[in-house]
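Take a look at the structure set out below.
Residue numbering begins at 1 within each chain, and the chains themselves are lettered A, B, C and D in the order written.
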Amino acid sequence: MNASIILLLPFFSALVILLGHRQLKGASVLISVGSSIISFIACLVLLAAADDENNNKLLLPFLDVGHFHANIDVLIDKQSRGMMFIVSFIGMLVHLFSLGYMKDDDAKPRFFGSLSLFMFSMTGIVLAGNLIMMFIFWELVGLSSYLLIGHWYQKASAAEACKKAFLTNRIGDFGFMIGILLLFGANGGSVNLDDLATAFKSGPLAPDAPGYSAGFTTAAALCIFLGAMGKSAQFPLHVWLPDAMEGPTPVSALIHAATMVAAGVYMLVRVSFLIEASPLAAEIIAGIGCFTALMAALMATQQNDIKRVLAYSTLSQLGYMVMAVGAVAMAAQHGHEAHGPNPGHPAMFHLYTHAFFKAMLFLGSGAVIYACHHEQDIWKMGGLRKHMPVTFWTFAIGTLALMGLPYVTSGFYSKEGILGAAYDSGCSILFHAGTLTAVLTSFYMMRLLIVAFFGKPRTESAHHATEVPMIMLLPLVLLAIFSIFSAWDGFATPLQALKPAHERPHTTVLVASILAFLIGTIGAIYLYRGKDKDPVNIKLFANKFYFDEMYAVIVRVCQDRLAWIVTALERVFVDGLIVRLPTAIIARLGAATRLLQGGHLQGYTFLLGGGVIGVVYLVVFVLPRLGH
Amino acid sequence: MSVLELIIALPLLAALAVGLGAPARAASLGASFINLILVLATTVQYWGKTGLAFTYSRPILENPSLSFAVGADGISLILALLTTLVMLAAIWQIEDRPPIFYVSSLLIGGGALGAFLTTDLFFIYAFHELALIPTFLMIALHGRAEPAQRKAVAWKATIYLGAGSLVLLAGLVWLVLEFSGGSKLTFDLEALRSQAQLNPLPAAKQAQIFFVLLLGFGSLVSLFPFHSWAAPAYATAPTPVAMLHSGVLKKFGLYGLIRIALPLLPQGAHVEWVQNALLLMLLGNILVMGLVTIHASRLDDTLANSSVMHMGYIFLGIAAGTDLALKGAVILMFAHGISIALLFGLCGRMRNQLGTLEYNKLGGLASHAPAFTVLFAFGTFASIGLPGLTNFAGEVLIFLGNFTEFKAGTLTSLQWTVILALWGVVMSAVYMLRAYRSIFHGSPATGLFMIDPAFSQRVPFILLATTLLVTGCCPWLLLNLMKSAL
Amino acid sequence: MSVFTIEAGLALLGLALLLVEAFKPDISRRTLGLTAIAGTALALVLFIFAPHDSASLPGFIRPWHQLDNLALFYKGFALVITILVLWLTLECAPYLTRFTVDGKLGEMFSLPLIVCVGMMWMASARDLVTVFVSLELVTVSFYVLVAFARKSAFSLEAGVKYLILGALSTGVLVYGIAWIYGATGTMSFDGIAKALANPATSKSTALFGAAVLLCGLGFKVAAAPFHMWVPDVYQGAPTPVTAFLSVGSKAAGFVVLTRALDAFMVEGSIIGSEIQGFLLVVGSLTVLLGSLPAMFQTSVKRLLAYSSISHAGYLLLALACRESARFDLSSGSVVAFYLATYLPMTVLGFLGLGLMRANGLGEDIKDFAGLAKRNPLLALLMTISFASLAGLPLTAGFLGKLFVFLGLADHGYWGALSCAIIAAAAGFYYYFKTILAMYTTEGTDVPALAFSAPAKAVAGALALAILILGVYPKPLQNVLMSDRPAVVAK
Amino acid sequence: MITLGHYLVVSGMLFSLGLAGVIARRNIIIVYMCLEMMLSAANLALVGFSRFHLVHGLPDYTAQSLVFFTITVAAAEVAVGLAIIVALFRSKQSVDVESVTKLQG
């Protein structure tokens, strides 16, 4: 019942708004915000509900053919409840924040409608009890992301960005679908998550089952992972996320920082049984996550757009989480089973803490951008600390949380958890790269804070910036509180976000975390204090390793050029061989037969006489011999 | 007398009435509206049943035994629903056109209904031909191109479809000869089917006949490489004809394969050489035509080629032949019909208002015509295969249907094909989003002026879009009509 | 009154009209025409109610005449087509008289009656002598009719060509008859069948005779390679005559062919399989040589001529498919069915042409442009006619073709079937070309066309017949398929 | 002894000559004469066959009856044919076969 409210309320809200916004006018905003608040309340009720294990139950029918069922059925367990809380809570705050941020936008109803659509689809992913349902909502979040990134579609860059986001995700979904199909086939027609988990544990897909194929398991895991790569923007499908910042900032906060991009991680955690079953896949996943984390962090150090810095930081953190998924699976294969009752997954834990502070940072940046009249270049800001004190303090808290201020902020605990998992995985590269990423994270976040908020205002708009209205500050403050406290047991346990338990006390990890924080912070302060322009200039990082340019070439050569060639071939050969050649032959034949009809009487008599002789020859001499 | 006879006769009679001078718009709209109601009522009546219902037969010839026999099961009802919906929309969206537009739409619709609702091979074939003729005539006479060019296009379609129909006829004749029990030839599908169950042919022979039927039906559905008529024909055809042919009539070939070829020749499709040939051809549809579509630089080209491409998925369902895949194929037929009709209808409006469909001349229409944009988005995302719109349900069932027989570690050629075909899903997103972006996004191009259609002109498109949404969210509505295994 | 008496009466009426026309020059052509039509119609009515068994014939004629279903069907067929042709002549008269010497049409009303009688006798013929005589009665009359519009160079040229080639074919036919007689020692079909079923008969003599005879008959039905005269003659002849030639003369040829083949391909015939091979080869050749050149025609009349060749090909292919063990689709009834459906569509086509001509229009495809605008009804009727000729389903033409295809496929004659299919595909092309022209809207500032109420009625009835036969052929089949006694004597 | 073979050979030669003449000659009158020759060839064959096909010791007269018909028909043909040829001559001032080539294609 609860679940269906959470799922369907935003759906109807989206439907009503998108279809009838002209009639509804202002009411559409209220519908959307109201539905998000009610969803949040329903979600709180859900959190309080008793914990009946594995209540995978049918909510709505969808596909039902013979023995095959792919319905909308919800799986409510600790993970989904925790994730649901994040989604509905941040969703509600973003709705509130948008009330202020989008006040002057003409297309407000469209914005709120899309936001509701997003809430609906995200809820669907979180609650999904089977892979088909997950795929359905997976695609739908893609759609809402497309709509929201393209909110200001008149801008060419926004139009391109939303297209890019959708297409890149499509490539991921290509793999996801193959993965689903492989699992569907191998598991005898069921894609239910519970069934699959059982199948991998003791059913037809378990390593000791007859006909077990390690290659198949790896292939399935990697295909599914491809889906996560698209959604969670892992290398090499990461290119869409920075561009997605073309959307309104609240959207960036909700979708492209806190929730949707984390869906990949959530899904990987959901199918962790699959990843644990394949060592190779686990290593690849960890490796890709690790590479993404490091690469994005490097890129972030040279970005000047406040939202882009945050976007690359999100990429980097997502890489972290993915790495954690891989690392945990590797650790599990090495026999490092997590202990304790309900051990939490480090990736999920980081997802949880990251959601709050990253949403907060984005909303904070939104407030800054709003205050500076849509100025996004940090070098054109400066000194905002004095003009926008509340924003500054909340932003600072968020920054510190992301940097992982030891023992105070939630980010410290979750990051430590991931580094611990990397440490446990038995692969030292993961740990070292993770630590290096942490250093870089501290560095670029401190750079951002210093350049934007300290010093003197560098432009007029920064000079005239004033504090944003109450409705926008409220979410910031709430999120700032969560950024600090969310990792504390008193907070985390009722919210079903479970801290991961480590096997050994990790002195090394602890020290590494603290050192990383310090080195990064000090480096940034040393380099950027009081500077008016960037003292460091690394083109490679600033230009994001030239990935966009490379992809443009690939698309041009592999797709557009190929399309051109294929089109030409199709015109020449298919059309030529199937149509023009036979037509030409028949036409020639027809023209030839017309020659018989020359109009000359002699010709006709000749043909007639010849015909008689021919027929006689045929009938008397040829046909009898054929013995027809 | 069966209600199906009424359903078939109504549009034809309306066409006759309009031809004789009845008020064109009122008569056509009335007839197609009543028809939609009738089909809906019939569908509701069929709800929960299985097998052939509403049967009625009037013998017209004793030897060979021919009869005007009607009957409907879930598949035919779904397609009849598709036909009536698209027919209503196509007729509704006609504006300020001579009566021949209404007549031809009614004839195409009526012909398609006849083909879907009769159960005698003779009439199935005949009604389809009846629907084809107005298509050619309308392309040649009222096509959107210079007279010489549109005639060339119409000829190409005529030659292809004419030749295809003849090959099909040869295949049907072959079937009839093989499966007629007793001393009389019969064209009755049910009789042939029971005979096929009693005395199945050897697989090798089934394969031969199936292949002939595949070529015949295939060229009607623009199966690669017999597809090159389709794109120019749709791009040139007047809007209602493009809607009806690509949306409805083209489904006839697929319907025939599912209704006629597969039940009579159950092993035919699975003999290796036939299956491999089919897979190659459908990959041609998906991959080659996908790339060709990406190359297109005009909206009508994109839509026309995409419609060819999407046929590949339905063939994929037929190639798999499993219950799941076939039901998916039927749903996808329905979905594609609605979505492509929606897109062609909107495309026609755009051409009327803007006079051009070149991508590099368009842009930013979303600002001018928001409602139009939303409707177009429905079509776009449906053909991309977005969940929540019907196409997705069909596609996913087809894909799943190909994997029902699967051994971990070995992929059959069928399953490799599915994986390649999945890449086509990516391609269709590429070209549809490109189209959408260049038409609706960006800043409005100079000199273009387009406004939202009036509400009454929006109704047909809203009807189609709503259908996509409702059956997309509840595909079980359609699946419930096909309870028995195919 | 016996059927034979009716025929004799009709012949007398023809002669009488001829004389009246000659000696009473001021008689109006309308009176003449209406008399001829009325006489033929009366004959038709009497024929329907006359006793329909061979015993009713006068004794002296019985050895040479028979009245089986086939004969009765073709007799009725001949009467109907004659009425239609006479009426068409009347309808086209204003235009035709411009090309006749004295501006009169006398023989145009009397000769068709004689032709009709010839055709009716041909249908009943039991031996080759009767066949020859009645065939020549028809042919010689046609020489006159074809060349009737003497002032038109085309008509005259057509007449000359038909004369020379027709006479040549007559020579071949008689020579063939001579050799058949030589091989079997008899002229009657029954006797020939009996002799051919006897293994002692000289096979090569019989083959030679049959081949030459079939060449002669092939000319009459326009079988390739004896079809060259058809386009030229059809195009040159006055339109009503062309219609008569293409329907009546062809039907008569086929009824004789059916009878001859019944004898040649009798059960156990020593030359049966060779004749079948001959039919397949010639039939395939005919459909192709009829269809392929037709694609390039610019004159609708000539196009119809080619189409008539191609239809002859289908009929020949139908004849090649003798009764098979499995399916009771005898070639004779298929041919009869095909011809019965061929009648309305061809006559309707020529009727349209004639009406166009009567309104001062040409016969080229370009003259058809915009017809739909000028006279929608005529365009619709012509569309139905051409659609049926092309063999589109739901028209009568489709069923005939379908039966042919079924027969060929049943016997496994794949080569011939492919030829037939290619020809049918080509047929789509050229018929559609014409249909398309009618609906083309470019350059249609020409005035509307009008035509008379009877013309509308007749054309409408023909179109209706095409459509009704296309979806409800049962009555026609009932007429044709009531068990015909096989013309075989064991 | 003159056998049936002799008759048939002569008849065949006559037929062939007639056919050759029809094909080769350009004057329509002569062509027409050759056609008559072909009919005569057929008649000769008929009579020959009839003479050697004895029924009750007498020749079979059915074939000979056909010969009479053929002769009659030939006469009728000539009557009509010559009229047409005359008409042709009147209009073209020629009886050459090449004067009628308008209808073609």
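As a working rule, a residue touches a chain if its C-beta (ideal position, glycine included) is under 8 Å from a C-beta of that chain, and two chains touch if they have at least 3 such contacts.
Please read all numbers here as calculations on a predicted model, not as lab measurements.
A.B. asks: Consider the two chain pairs B-C and A-D; indicate the one with the greater count of contacting C-beta pairs.
C.D. replies: B-C
A.B. asks: Cα centroid separation between chain B and chain D, in whole Å?
C.D. replies: So the centre of chain B lies 64 Å away from the centre of chain D.
A.B. asks: In angstrom, rounded to a whole number, how far apart do the mean CA points of chain A and chain D lie?
C.D. replies: Going by mean C-alpha positions, chain A sits 95 Å from chain D.
A.B. asks: Using Cα averages as centroids, what's the distance between chain B and chain C in whole Å?
C.D. replies: Centres of chain B and chain C (C-alpha means) sit 42 Å apart.
A.B. asks: If you average the Cα atoms of chain A and of chain C to get two centres, how far apart are those centres in Å?
C.D. replies: Roughly 76 Å separates the two chain centres.
A.B. asks: What parts of chain B, by residue number, touch at least two of the other chains?
C.D. replies: If we look for residues of chain B contacting two or more partner chains, we find 159.
A.B. asks: Spell out, as numbers or ranges, the residues of chain C touching 2 or more other chains.
C.D. replies: 160-161, 164, 168, 172, 231-232, 293, 296
A.B. asks: If a residue has to touch 2 or more other chains to count, which residues of chain D qualify?
C.D. replies: Correct list: 19, 22, 31, 97, 100-105.
A.B. asks: Each pair of chains that touch: what are they?
C.D. replies: Applying the touch rule to all chain pairs gives A-B, A-C, A-D, B-C, C-D.
A.B. asks: Under the definition above, what is the set of chain B residues touching chain A in their complex?
C.D. replies: The contact residues of chain B facing chain A are 156, 159-160, 224-229, 288-289, 291-292, 294-295, 323-324, 327, 364, 366-367, 374, 381, 386-388, 392-393, 396-397, 399-400, 402-409, 415, 418-419, 422-423, 425-426, 429-430, 433-434, 437, 440-444, 474-476, 479, 485.
A.B. asks: Could you pull out which chain C residues touch chain A in their complex?
C.D. replies: Listed in rising order, the residues are 160-161, 164-165, 168-169, 172, 203-204, 207-208, 210-212, 214-215, 218-219, 224-226, 228-229, 231-232, 273-278, 281-282, 288-289, 292-296, 422, 426.
A.B. asks: Chain B touches which residues of chain A in the complex?
C.D. replies: Result: residues 18-19, 61-66, 68, 70, 132, 135-137, 139-140, 143, 150, 153-156, 158-160, 162-163, 166-167, 170-171, 173-174, 177-178, 181-182, 184-186, 189, 205, 211-213, 215-217, 559-560, 562-564, 566-567, 570-571, 574-575, 577-579, 583 of chain A touch chain B.
A.B. asks: So in the complex, which bits of chain D are touching chain A?
C.D. replies: Checking each residue of chain D against chain A gives 19, 22-24, 26, 31, 97-98, 100-105.
A.B. asks: Which positions of chain B touch chain C when the two form their complex?
C.D. replies: Where chain B meets chain C, its residues are 19, 59-64, 66, 68, 122, 125-127, 129-130, 133, 136-137, 140-141, 147, 151, 154-155, 158-159, 162-163, 166-167, 169-170, 173-174, 176-177, 180, 183-185.
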